[in-house]
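Each of the two complexes below includes chain A, the first together with chain B, the second together with chain C.
Now for the complex of A and B:
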């Protein structure tokens, strides 16, 4: 490494100094030698070898020109990998930078910012593989076990309360309909009448906890009364008749309709299943159980299925890297002279204007570093895809680095095509390499 | 490294410093306008912790409940928790031996690149030799070479050399791929060390090796600490290299991965094993947080 080739060309120097310089070069050589050997054998030689290997077939015997590269851009699984990686580059670096910027700016305004930063930064210490395992647990499909789906289920129940029942049948021919459109009594009812609406085929687990024994209501003048109950008891019972031991169904939406179908009023059943519509004008009405009563319970978003797997992996990845962006941008923010911001505020700029017109432009170089770092990271994304995506959807979640590994080592063992994918990946990071070198030379 | 102030997560926002003594009225006003921000950040901060807590609680669920109960139920029913899964995992020879494998790889894969990298960085920072700046630019360029570029030739090479599936083979790979960053980080720190210190030692007749060990390494300790933490976390957390260049020699990540690959997924093994695997990096992170942040800021290029 410390070749002395240009000693002869150097201007004549006193013998002592020339000896000294030679010695210094030898010492430098000795200091550099271990690194040179390691980098030579493990980095430079393999990289060149991989380039050559990419023009040979899978066994390495036959030269096949650019066939491997042709395969890379024509085979479906590899195209999926390239498309997915393009999506990663388009979405993730920008999101991570934006989230990091928002966190960095906002944490300047709270007193316990250290606690917040530690919480967000902590995933950086964890392996991407373990982070993937963590999210695999979060993404579990059944809302009983997957925290994410449990949260979504709880929120959607809160925003739009679900029906109490998922399945039911009419217990007697007096009632017609189904869970899809609701049930209605065949015969019309006039004020003073009693509507008996018996249902069977209800799962015992779905009978609400507050349900009490059903009661047959009394007729009242000017009022339509009725009961919705589980027309079933151990041993059977008579259909269409309210009997002791049969449970009322609370919380059921009951509608009073004109014979034509137009809704007049609705109400909910009490804990013994009874309901009443008071002050009903004379006439004939139909009583119906609205379709809103029936709903399949939320069975969970299929995060780990074909369609959502890439966004799901991305979310886990952003969870890991947002802390990195926050800390680097936060350091950049701390270096901005406060006078500048104060001056802008004194001049009457709003917080938003200060942020848009002063903070962000001053932070631009830092934002660029974070963004570029994330682009490289995202191009090489591997472990987290392997741990979040179950084997069955890895074709759909595929990315370039994973495709390379699966082609070369994951069973196919095609070293030619694997090398071509590696070279392609390398070509993608070369612009970044050039950028790094330029930045470095400017700094010197 | 040109900054003198050691940055940490705890760096006090200058704004807070400048406004140390505001009046009571403006303080109340500011607290009121800042309340929404504080609430949002509190929610986000807790949300960020939830996945990790979820893994911890899952790993602690009693074995018969782990397949059907959500971990959050354990918060209200502590009876669901037990150490049984951990006992099981620590009795599992494959998992414990993989933990030791991880330890050896990480220790070797941290110390070796620091030593080799520091030597090279010393030459780049203090010695004069031809093409020095060009060679350093090559090192900067090597920073971004993807690991994938080396896997196939090294796989063949290791088979020929007989070091496939050995801890040594993995350590050497980690060392080589850690070197560009090591040299880059340390050289940039070393050039900030006053040359007079070296000249003085040289005049006293100290050899270069002695100066390196007695003067530069101690002075370079902050940068070496940052590097050590990074290198440790990379080697500890690696999956790709060990998966490719090992078979029986499995670090913990690979051991978990082979459990994950089995049909059905043995969550009662995977969850505690994954948690054990991340406890040590987390401890390192909390113990040396400031060096971690420092290294991150010095070299966010890799």
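Now for the complex of A and C:
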């Protein structure tokens, strides 16, 4: 149905002369007939049938008036689709036109403009669905799979290098905290005491190579001793108890703090996980492991989650269509008379002023064409949403065309409601289409 | 201000060309003429059967290649019949419904959803396959023959079966954590906990595919509520708000609610598809220790991984609840016939033979419900184990979501699939039961 744009492209019937008018009309009719028949079969009849079908129920047996349209404006998923579509129309055509304009103006001035243009135009050569599949993979949350998150992860690891351990949990209630803020023993320790800091949830492969079996240190007068160890052995082991076969964690920075939190001293654990603070003055202390030890690796931006999915799909869509906008606007740019620009420059206009006051107004008709084309395209956006959004968030990424497909063909097979959605979409496209047809007429 | 003449013409041409190209592309996808079985000869003798058979199933990729070998075996017997196989993937219900609505279905289809078959049979879209009843009863146990009947008429032949009551695990990670495959639900949760302490998440959940979540629920429900309740719920004779459902959802929460124990967390799980959930559990850098899915898990292993059954991956039966007897939840693809022709009949008869099934059995990743298939043909002990369990289970129940109307049980992004994804996001048994009941009521209307 959305293919109705083709009508606008039909060549105008040439003006005829008075002589032999009837014959010419017959000839014209004969030439038009095949197109008229095909259009009738493939466009007019299905369109009318869809309108009729939209007043019938799911099976097509019972006439139910405007019930389908009522459902359309009351069901939550469909309202989300309408809202998302509005967002698409508000954001995407403007962005595509703006980006196309920027690329077009810039490529006029660079040396390798053709190569650049080819690169930007390239996405147009693949189908939207394929582009969607590409972005679907790029957006994966797991940095091992998603290129985007891998890039962000590499940068964030460079800014904030990961610590010795990535993940860990306290093995017993004696230790409190988490990897974000570090761990601290609940009970205070006095000189001569032993601090047992058992951690669990650490992969065997993450234990440093120089680690040896953990040892429970002896108490020493005037000294706080302790051990940080991987409180796990095959089968689980007893939490909070240093057992044979459990590994010490070397290289962990342990802090001795006043009960108020002020740091007194820090030290690093040995290969068996033990540590000692010597010459400690009498009093109560807290023993803690600072957060520095556990820089968690970058977890990945949740591009495909409920919150970011619509912007993520839009970004993929803009990536595809920016090239189209650039080429069309670039062609318009090439047609602007150079002398006008030169005259403006001679009159002392800055480059920005030339762009704002001369280039853009002269380009306005082309920009309008790009913008309107994009509005129509965006209204019926479908395949890229289907291919980028995982099934778990398709309700959140829904748009009208996708809602129509899912309702009519996605298993529900409610052709009545599906037709109603299609008619609604058609009504939305018509004003823009009319505007476009009028533009074409004017330009001829 | 008007621009100089000449340019808009070129622009227009460009736009027209673009629009035309897009329209052409759009046109290509839609209308694949479903294959008319032209020129089927009247000769009834096997060697004289001629014609073309179109067939659609969900098998794609690797499975498609394996099924093609089965079809090659058919070609050897009937050199004059051409089988055109098209994979519809997950969209099979959509593709078939649309094709039937449009009056242009394929000759044969392999349908995993009995609910869909029932619907087609009720609409009169299917042709009975009683001509093959002899071959079928000879090769299948009565239980499987009955599964293919709708109101006493034989419409379906189960070519491929699946044992979904299995849990696949990475033996190396189990060894690291010092745990053994569990047999009871309590042991299972304990093993998961120990795995977490060893530093590796226990569960690899494919939350982007709703069906993996419904399978988990069905396994828990079949064991916790028993087969009678299972049948009642499957037929929607008891509502989804029944206490037995809420109890099963609460048990399921023991797994899905243990957020630190799910690879990638909940956000990661919701965008993990089934093949990824398998790939990330086995191999060099495993991200989780167990995949809670059926006997087809090994088929999803990365092709280039050279993983060895029993060493790199292993399987145990889905844990039992209390004293409940062994129960197997499973599924299967039913061959049904939309258009009758000698060639189509020949293919149905052929697919009912053990020889046809053995071609796929030997290639692996296939459990045949055909009782005469040679057990020795299975590639490895694990497959033999799961396939035999499928055949010999005291209690066998069909995958419940497949028994539902497609809109509720087998549609991406709605019904059960969607509701269980929401449950993964926010495991609230009561609210989920209510949503399920609401959607079920709508689909059964």
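Simple rule for what comes next: the second predicted complex is superposed on the first by the 273 of 444 C-alpha atoms of A that agree within 3 Å, B and C clash if a C-alpha of one lies under 4 Å from a C-alpha of the other, contacts with A are read in each partner's own complex, and residues count from 1 in each chain.
Definition applied: a contact is a pair of C-beta atoms (placed from the backbone, for glycine too) under 8 Å apart; a residue touches a chain by one contact, two chains touch by 3 or more.
From a predicted model like this one, the values you see are computed outputs, not experimental measurements.
Visitor: Considering only touches as defined above, state whether A:176 meets chain B (first), chain C (second), both or neither.
Guide: A:176 contacts neither chain B nor chain C.
Visitor: Which holds for A:90: it touches chain B only (first), chain C only (second), both, or neither?
Guide: So A:90 meets neither chain B nor chain C here.
Visitor: Quick check on the superposed pair: does A:361 touch chain B, chain C, both, or neither? Answer first, second, both or neither.
Guide: So A:361 only meets chain C here.
Visitor: Figure out whether A:62 sits in contact with chain B (first) or chain C (second), or with both, or with neither.
Guide: A:62 sits against neither chain B nor chain C.
Visitor: Just chain B (first), just chain C (second), both, or neither: which does A:401 touch?
Guide: A:401 sits against chain B, while chain C stays out of touch.
Visitor: Determine, under the contact definition given at the top, whether A:409 touches first (chain B), second (chain C), both, or neither.
Guide: Both chain B and chain C are touched by A:409.
Visitor: Just chain B (first), just chain C (second), both, or neither: which does A:328 touch?
Guide: In the superposition, A:328 contacts both chain B and chain C.
Visitor: Could you look at A:440 and tell me whether it touches chain B, chain C, both or neither (first, second, both, neither)?
Guide: After superposing on A, A:440 lies in contact with both chain B and chain C.
Visitor: Could you say whether A:116 touches chain B, chain C, both of them, or neither, answering first, second, both or neither?
Guide: A:116 contacts chain B only, not chain C.
Visitor: Counting touched residues of chain A, say whether chain B or chain C comes out ahead.
Guide: Ranking chain B and chain C by residues of chain A touched puts B first.
Visitor: Just to be sure I follow: which residues of chain A are touched by chain B in one complex and then by chain C in the other one?
Guide: 3, 5-6, 127, 144-145, 324, 328, 331, 369, 373, 391, 409, 415, 440, 444
Visitor: Quick one: in the complex, what on chain A touches chain C?
Guide: So the residues of chain A touching chain C come out as 3, 5-6, 9, 127, 140-142, 144-145, 167, 169, 171, 200-204, 206, 232-236, 299-300, 302, 304-305, 324, 328, 331-332, 335, 337, 361-362, 365-366, 369, 373, 390-395, 406, 409-415, 440, 443-444.
Visitor: Mind pulling up the chain A residues that touch chain B in the complex?
Guide: Touching chain B from chain A are residues 1-6, 21, 24-25, 27-29, 31-32, 34-36, 38-39, 41-47, 49-50, 53, 103, 106-111, 113-130, 133-138, 144-147, 150, 319, 324, 327-328, 330-331, 334, 338, 341, 369-370, 373, 376, 379-380, 382-383, 386-387, 391, 401, 404-405, 408-409, 415, 418-419, 421-423, 425-426, 429, 432-433, 436-437, 440-441, 444.
Visitor: Going by the contact rule at the top, pick out the chain B residues touching chain A in the complex.
Guide: 7, 9-11, 13-16, 18, 34, 37-38, 40-41, 44-46, 48-52, 54-55, 58, 67-72, 116-117, 119-120, 122-123, 127-130, 133, 135, 137, 139-155, 157, 172-173, 175-177, 179-180, 183, 208, 212, 233, 236-240, 243-244, 253, 256-257, 260-261, 267, 270-271, 274, 277-278, 281-282, 284-285, 289, 292-293, 296-297, 300-302
Visitor: Quick one: which bits of chain C touch chain A in the complex? Just the residue numbers, please.
Guide: Going through chain C, the ones touching chain A are 1, 3-4, 6-8, 10-12, 14-16, 18-20, 23, 25-26, 93-94, 97-98, 101, 175-179, 193-194, 196-200, 207-210, 260, 264-265, 267-268, 270-271, 273, 276, 280, 285, 287, 406-407, 410-415, 417-418, 421, 424-425.
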